[in-house]
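For reference, chains read A, B, C and D in written order, and residue numbers begin at 1 within each chain.
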Amino acid sequence: MTEMTTDRLTAYSDGVIAIASTLLVLNVHPPGVGEPLTWSTLWAQWPAYAGYVISFVIIGIMWVAHHRMVALLARVDETLLYLNLALLGLIAFIPFPTAVLADALAQPRSSEIVIAEVLYGGTMAAIGGVFTLLWFHLARRPRLLRASEHHQTARRRARLALLGPLAFLLTIPLAYLNTRLPLVSYALIGGLFASRPPRS
Amino acid sequence: MTEMTTDRLTAYSDGVIAIASTLLVLNVHPPGVGEPLTWSTLWAQWPAYAGYVISFVIIGIMWVAHHRMVALLARVDETLLYLNLALLGLIAFIPFPTAVLADALAQPRSSEIVIAEVLYGGTMAAIGGVFTLLWFHLARRPRLLRASEHHQTARRRARLALLGPLAFLLTIPLAYLNTRLPLVSYALIGGLFASRPPRS
Amino acid sequence: MTEMTTDRLTAYSDGVIAIASTLLVLNVHPPGVGEPLTWSTLWAQWPAYAGYVISFVIIGIMWVAHHRMVALLARVDETLLYLNLALLGLIAFIPFPTAVLADALAQPRSSEIVIAEVLYGGTMAAIGGVFTLLWFHLARRPRLLRASEHHQTARRRARLALLGPLAFLLTIPLAYLNTRLPLVSYALIGGLFASRPPRS
Amino acid sequence: MTEMTTDRLTAYSDGVIAIASTLLVLNVHPPGVGEPLTWSTLWAQWPAYAGYVISFVIIGIMWVAHHRMVALLARVDETLLYLNLALLGLIAFIPFPTAVLADALAQPRSSEIVIAEVLYGGTMAAIGGVFTLLWFHLARRPRLLRASEHHQTARRRARLALLGPLAFLLTIPLAYLNTRLPLVSYALIGGLFASRPPRS
């Protein structure tokens, strides 16, 4: 009775994830009072728009991934609860590295872009890491799962989930080679995860 | 089991749409510290209030339209999931063109107002376009619908939905004729969509 | 099937009302970078804290009042939908008059305080007015109600609901007599509505 | 029928708590326009990150504690409703003392850190105090509980809940001894509450 239900875990997680993605728009500022509004001042902000799009899509994909995991759950234990809290804390943090990345891309200093990309890729890798821990936890605790056949699924997902943090970790050295490469990688990683079939 | 349920799609969508409309208030600023508070300084901000009202109402109408679509769904496929994500990303973006429009209207330069109206009308047209794609997708995938008679509904709605992006696209050339015309159009389009019967 | 369900109306309304009350904290600013943090600089912000408390409580009471109304509903028609949207738009606007009131109270010019109180009381009166319209609408449309005995309730509530906007309208002339009187009135009105029995 | 259901109390509470924790990210600012982005300017903001982590975790633990309480409820009375509103108002306020604490820690003046810690610890103690009042209320009103065996639980929890405000009150004098001690205490208190078993 007093155990955390998956329903309420879902409600809180959906709330935090939806709010985090909606707050991203606060990083896109209209031109200041003194500055004139022209197509070129609007266009000069392309990194802010790009950051908005990439982070909104990545958070959306994480929400789908989170749903796929929670759909297998019959119950929630302490470890899962706190791993999920860490996951939410990192996802709710995404507006910050997104803003830093957009600000850095708007300026021509490549050293700043590298730092921003390490921060961004690192945050995403950390989120992927917590997702992986969650799947490994489920693979080791079959009693948390709805059905015995989900045990196989959880083990397979745990191995697959490792690809997320690895992919984002790999974007970090890319930043030192060419500051545009990590941006391409984020889009590719997003596309890759989005194209994973919803059942497996 | 691991398929996305319409329930959770609804919860996430409602969350994002509700937050986007509530964040609009952050575009309405109290007068700054140095500036005195008088009826005329409050009134000078009328574009911020107008932007708040128009965008709040338009987002509300979009929420109703979204509900009408989701109510027909029996299941969710990948395409629908990602089209819905694109829809949410555009709706959550609305506070930005709203702020740009309000700032432009507060200044007497008509060239800025035109740019802001193109941005605002373009964002709304893009949202209408994604709504149309969603309805055409449902019209082509009857297995996603709750009942066979909804197939007819989806096809009719797909054609009707085209009116949304077209109407907003038409506001763009109006901006070049007279900067007040698009504002009137937004209200008319809102009123038109609001008055569509809830069943059809 | 494609009619708006009361469930989803509740979800959207709860979302907007919860977010509006939580955004109030953004009006409470930590002292700026140059300014030292002392007990007196913290205390100098008392109007921001008072505004937070009063508006949070008033929004909370409105949420309870909204719940009491929705609990009687069997179905939702167009008028109810758009009146509810107007209600949400006004509630989501509350952070703005709250910020204006807090800023005005922090300065010693009583003419500014009067303007801020008229704005605040006027917003609250408008919300009370929409609540009254909603109750009168329900009193005239028994088919929207869950049970026939709710018809009596709706009529009684419609008359009682008139007290809300009247009470807030009365705070407006008070502002011209003494700038502290409306603040006392907001607390009294809040207390009065809070103490109304949950069943009637 | 018109009584507040625990479902809707849960929805509103989850909304406010989820939003409050997500708004914490707005306290973490990217370096300003003039300021260069280097690892040391990013690192100079460690108090903002620390504040984010501590407050996100504490709000998460409060959400779990809130869930444990609501799970025992069969119905909601007026007192519970308004105590819950006070609880939500204090939780939604957390971003402010968090921002004040982060700003103070970023500056080397220990007198400011003490003030910020008193404010932070005081807010947390007040939240703990309202939680305690809620448990004592449930212990005195068995008719609000789902089952008769929950009466014992409520009484035990009421006594345990007292530890929360006491622990946070004790961090206040610690601030005067050493400005780092309260920070350690917040983490310890968080850990202690997190490790309480989900059933008891």
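Things worth noting here:
Simple rule for what comes next: a residue touches a chain if its C-beta (ideal position, glycine included) is under 8 Å from a C-beta of that chain, and two chains touch if they have at least 3 such contacts.
Treat the numbers as computed from the prediction; the structure is a model and nothing was measured.
Chains that touch both chain A and chain C are the following: B, D.
In the contact between chain B and chain C, the residue numbers used by both copies make up under half of all numbers at that interface.
Chains compared, chain A against chain B: the Cα-based superposition rotates one onto the other by 90 degrees, nearest 5. Per-chain CA centroids place chain C at a distance of 26 Å from chain D. Each chain gets one centre point, the mean of its Cα atoms, and the points for chain B and chain D are 36 Å apart.
Along chain A, residues 11, 15, 19, 23, 26 each make contact with two or more other chains. Taken as a contact graph, with one node per protein chain and an edge wherever two chains touch, the assembly forms a single closed ring in which every chain touches exactly two others. Chain pairs that touch one another are A-B, A-D, B-C, C-D. Listed in rising order, the residues of chain C touching chain B in the complex are 1-5, 8, 11-12, 15-16, 19-20, 23, 26, 77-78, 81-82, 85, 88-89, 92-93, 95-96, 99-100, 103-104, 109, 111-112, 115-116, 119.
By the touch criterion given at the top, residues 10-11, 14-15, 17-19, 21-26, 28, 30-31, 33, 36-39, 42, 52-53, 56-57, 60, 63-64, 67-68, 71-72, 146-147, 153, 194, 197-200 of chain B touch chain C in their complex.
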